[in-house]
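Shared between the two complexes below is chain A, which pairs with chain B and chain C, respectively.
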Partner chain A sequence: MLENNRKLFPYILILPAALVMIGVVFYPFIYNVVLSFSNMSLRNFREWQIIGLDQYYKVFFEPSEPSFYTIFLKTMIWTVANVTFHVVIGVMLAMMLNRQIKGKSVFRTLLILPWAIPQYIVALTWRGMFNYEYGSINLIITKYLGLPAVEWLRSPTEAFLAVILTNIWLGFPFMMVIALGGLQSISHEFYEAADIDGASAWQKFKNITIPLLRPVMIPAITLGIIWTFNNINVIWLVTNGGEPADQTHILVSYVYRAAFGLYRYGYAAALSMVIFFILLIFSLTFMKKTQATKAAY
Partner chain B sequence: MKKNIFLISVFAITTFFGCTKDDRMHIRIWHQMRVEERVVMERQLARFMESRPEIRVEMLYKETEQLRNDFVIAAYARQGPEIVYGPSDMIGLLATLDVIRPLEQYFDEDYLGHFHETAKVWYEGHLYQLADKLGNHLALVYNKDIVAEPPETTDELIEIGKKVTVDRTGSGRIDQYGLVWNYTEPFFYVPFLAGFGGWVMDEAQERPTLNTDANVRALNFIQELRDVHRIVPREADYEIADALFKEGRAGMIINGDWSWGGYISAGLNIGVAPIPRVSETGLWASPMVSTKGFSINENIDDDKLTVVLEIIMFLNEPDNHLEATREVKTFPTRIETYDHPVVTEDPILINSKRQIDVGKPMPIVPELRAIWDSMRPHYQMVLNGRKSAEDAARDMQLLAERKIIEMLE
Partner chain C sequence: MRNKAYFKKQMADAVAYLVLIIFAVIAVYPVLQVLSISLRPGDRLLSTSLAIIPEDATFAAYKELFTGRPFLLWMRNSILISFVVTATGVILAALAGYAFSRFKFRGKNFGLLSLLVTQMFPATMLLLPMYIMLVKVGLINTFLGVIIIYSSTALPFCIWTMKGYYDTIPASLEEAARIDGCTQFAAFYKVVIPLAAPALVIVALFSFMTAWAEYVVAAQVLQDTGLWTLPVGLQTFQANMSTEWGLYAAASLIVSIPVVVLFLALSKFLISGLTLGSVKG
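Here is the complex of A and B:
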């Protein structure tokens, strides 16, 4: 009896969390799967029916402007550009903060600031900064660099670049904090041994820092990719919902427009499932290829 | 062990007595009112609750699009507020989705007879909204310290605009613009589309009517205001335009009645006038005119329904309409108020009424959303020089037709 109670005890402990997970994750997920096979829309809101794979067919083959494939390509560019800069800037700053420098705590606080400010505020502030006539970016470009002003928010390429710049600024502190934690856990003995062997700074970075940071950074990069891929806030607020001319959408903002602009709930659910599988396949492959779970030591 | 039991007992007892049960009936209103409007309604509801202490009415602000989406989602789950307050253009959607109740069964003809016809928003044979504000429309607002007399025609608009667009420092940057407005947004473009003789949908509100010569001319007109006459900024969204006008760096702005109270509070010496006639056609630039008012959640409990109706009727009393009109400069819908000096002697309201009279009713069908989404990308391509007005008008039409089919699938 006592043995049975002991076995039961862990399940009782996880029960509240499991119930919450079922309510807020599993149930909506299953509901979304069902909707993706349905015709739920403006005209079929209360009495929708299962119609099979029609919505998936529409996602891949229905002519739309911009097309699924164009938006998918933009999403890839958006994700790769952002995460690359997040990691490079984050690791560089972490290495700087990991040294003995004066005012380290002040720098650390300042560098974490972008992360601490709500995304909504940051996005709208950057939108103002990108204004053609009154934005600070163009003022700097024209006044101090003597270059012509850039139409950041009116031209598709520049608008996409503007939104990437905003998200790079928002995202590097996370990678910096993770990398700093990883760097601090690396024993100095490795570097001392390398110094005795006459290793250069680059050799130390390549053969000690990178391999020992990897177990920390790979999960962070995976998370970063998933978050960036699905980051609707920055895109939506900086470009005012995909402006100019719907040219700055990523997949997730396109889903939002389909669901809440055109009330195509079935179609939006199918597109959400496609996004889910893209991220699932990517994450599994990435974790396997990078051997993220392999022990560092 | 005994100590632990004692602590747990103390915690339980204080928690139990710390929570007092609120026996009042809770009624929730979701709305999208700006601060000035909200303050007035909150005050009116406070008076209502004073007279009915057993009722508590709570207001929750949501941005217009969020209000619509959140209400749909909540009502679908048989939840949500008892009352939803917003512009009439959401009525077609909410009625189609079957998330609001027909109201004609609750208000008799005698009572409804006290309201302006437009305030009773009917859709497919049912009354779905009873409005307390008429208009929700754009008009020309001018800063009297910069522009003495408002323009009557677009030629005058350009002439005055050129006079007051100035680069005081000679730096090459404009310090004061003649006209600012959120011109990249189709809703703010539509008055000029009407002024050139066009409109967004046919009279039956079924088909988009965007591939027209009127649309081409209107698109070219807006582009010329910016690139040829240079009386509007190269880039201006709602916030930039609003800020420039509030800072006294623009002579005129095209903005809605919801904003005028804010300009007065900001200390600006403003006047309101109808958006000018288009000189080329002689037609008024006609903004969309709609209403803002109350609808009832389909899922409301029967015991709350009586109270909800009481609240709606209270907020629609003539004195309450006049209070909002006096403070926010919105146009009331109770016809008894139309002879009151608050309405008849205020120059802003007189001109607001002139604008309403030459405006056009806003379609309330859900398809309007597809039309906005189809106009926006091609309109913006014209503005950034990537498409001719002719191509844009054609593509707007094609896209709108396709989106409507998708929407009604």
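Here is the complex of A and C:
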């Protein structure tokens, strides 16, 4: 009886979560796979049929403006730029906060602020701050720096830069918090021993801080890359859906537009699959190389 | 020699302060900016002044928000949805995380790995089929539709967090309770659950934030203006041709303040909870 119970008990515990995940995640996933081989669109909403690999062919070879490859390149720039700045700024601030200085908790609280504010509000607020005539960023640039105003949201490159700046702002506190946790777990003895050996600050950073921070940061960076790659909120809301002229899309915002702006359901489903596999392959290689899951298990 | 070392430390501290102050200003500035716009009188919304407290500061925008706009209705909708999602998320994650932490069973590794893989799904991958399914079963334009989607969004992260935390609680505590005659389930909710309170708090906060601050799903599923949540409502102040800056600013402050306070108050738990999962081997 007890033996039986012990075997059954974990399944009972998991059952509610499993039902939700199967109904809301796995079933839609399978459905998405089917859709990606179909011709479903707003026009063929009821009488859709399986048409094979056509939609995948369209993803890669259909001449469109902007093309899949341009958007893919932008997505890479977006992800690399964001995560790099998140980690560099985050680790730098964490090291400053880890010193014996006054007002530490005040600084920590203020610096976590960008993370605490709901993302859509951050995005819409920065959209306002990038306004050409009345946005505070242009006002600061013209009034205090004496430089010409920048057409932030009207030209593609500047708009893309504006979104990246916004996302860097809201993302560094997460890395800072993780790095701070990691730094606090490093014993002072390492640094004292290094001092006795006459190591320079850079040597201490390179040979003590980085290796000991690594196991904490790698899982956070993996998550950070996946979240940034997939972050539709910021890019969609800052550029108001890809303005100007769909030039500021990353893959997820582009597929959102294909699905809910252009009603190309089959095409959007195929593109979703492509994005998913890009992320899956990347994550598996990254985790294998850095052995991130070792820590996670 | 000692003096030189002392001088060096002073210099390093000064640099640290400088960097911290610069970044603190950058972190706080947009918030002050919103505060400033929300207090501007209607005829000076489009101002080129950089002053934080504007001349003739007024609460007119706040008044208009509560009396002239369906702001309270959006808030009620958001609160309702967020609470249901939080309760569901906490219960499901607390149970499932416990199973993953304490028991060996068939499909355990597959389950944990699948949860990780769901994090790689692009937002539209599930949203599009869910949307079509909701249309077909008639749940479009209902709270139940968004609640179902939200409950699953934060769940994988929450289950992993709970599992990581349970792993740090020694199993001998439950065994002692079992010897005292507790059933398996009683040992779980009387002994383990109270000890896991910090993790439960994080999971609750995450579930709540998912629902409170979600825009993309809500914009597609809730088309009827009476059902709008705060994010969808707020976006209308901003996206139209004539941006209603004052209303937008006032509304976003009201929406953010409770979350920010909660977040900052719980940030200690958050830090330990997030790093715990990754540090332990």
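By definition in this document, the second predicted complex is superposed on the first by the 291 of 297 C-alpha atoms of A that agree within 3 Å, B and C clash if a C-alpha of one lies under 4 Å from a C-alpha of the other, contacts with A are read in each partner's own complex, and residues count from 1 in each chain.
One rule holds in what follows: a residue touches a chain if its C-beta (ideal position, glycine included) is under 8 Å from a C-beta of that chain, and two chains touch if they have at least 3 such contacts.
These figures come from a predicted structure and were not determined experimentally.
Enquirer: Taking chain A as the common reference, can chain B and chain C both be placed on it without clashing, or not? Answer clash or fit.
Expert: On the shared chain A, the partners clash.
Enquirer: Among the partners chain B and chain C, which is in contact with a greater number of residues of chain A?
Expert: Touching more residues of chain A than the other partner does is C.
Enquirer: Identify the partner contact of A:Asn240: answer first if only chain B is touched, second if only chain C is, both if each is, neither if none is.
Expert: both
Enquirer: Just checking: does A:Val216 make contact with chain B only, chain C only, both, or neither of them? Give me first, second, both or neither.
Expert: The answer is second: A:Val216 touches chain C but not chain B.
Enquirer: Does chain B (first) or chain C (second) touch A:Lys206, or do both, or does neither?
Expert: neither
Enquirer: Once the shared chain is lined up, is A:Lys288 touching chain B (first), chain C (second), both, or neither of them?
Expert: A:Lys288 sits against neither chain B nor chain C.
Enquirer: In the superposed arrangement, which partner chain does A:Ile140 touch: chain B (first), chain C (second), both, or neither?
Expert: A:Ile140 contacts chain C only, not chain B.
Enquirer: Applying the touch criterion given at the start, work out whether A:Ile117 contacts chain B, chain C, both or neither, answering first, second, both or neither.
Expert: A:Ile117: touches chain C, not chain B.
Enquirer: Is A:Glu151 contacted by the first partner chain B, the second partner chain C, both or neither?
Expert: The first partner, chain B, only.
Enquirer: Pick from 183-191, 219-227 or 273-281: which stretch of chain C gets in the way of chain B?
Expert: 219-227
Enquirer: Find the residues of chain A that appear in the contact set with chain B and again in the contact set with chain C.
Expert: Residues 128, 133-134, 240, 260 of chain A touch both chain B and chain C.
Enquirer: Touching residues of chain C toward chain A in the complex: what are they?
Expert: Residue list for chain C touching chain A: 12-13, 16-17, 19-20, 23-24, 26-31, 33-34, 37, 46-48, 50, 88, 91-93, 95-96, 98-100, 102-103, 105, 108, 111, 114-115, 117-133, 148-149, 151-152, 155-156, 159-160, 184-185, 209, 212-213, 215-216, 220, 231, 234-235, 238-239, 243, 245, 248, 252, 255-256, 259-260, 263-264, 267, 270-272, 274-275, 277-281.
Enquirer: Going by the contact rule at the top, pick out the chain A residues touching chain C in the complex.
Expert: 5-7, 9-11, 13-14, 16-18, 20-21, 23-29, 31-32, 35, 40, 89, 92-93, 96-97, 99, 101, 107-122, 124-129, 133-134, 136, 139-140, 143, 169, 173, 177-178, 180-182, 185, 215-216, 219-220, 223, 226-227, 230, 232-233, 236-237, 240, 251-252, 255-256, 259-260, 265, 268-269, 272-273, 275-276, 279-280, 283, 294-296
Enquirer: Chain A touches which residues of chain B in the complex?
Expert: So the residues of chain B touching chain A come out as 65, 69, 76, 93, 96-98, 173-174, 184, 233-235, 237, 239-240, 366, 369-370, 373, 376-378, 380-381, 383-384, 386, 399, 402-403, 406-409.
Enquirer: Where on chain A does chain B make contact in their complex?
Expert: The contact residues of chain A facing chain B are 39, 41-43, 45-46, 63, 65, 128, 131-134, 151, 153-155, 240, 243-247, 257, 260-264, 267.
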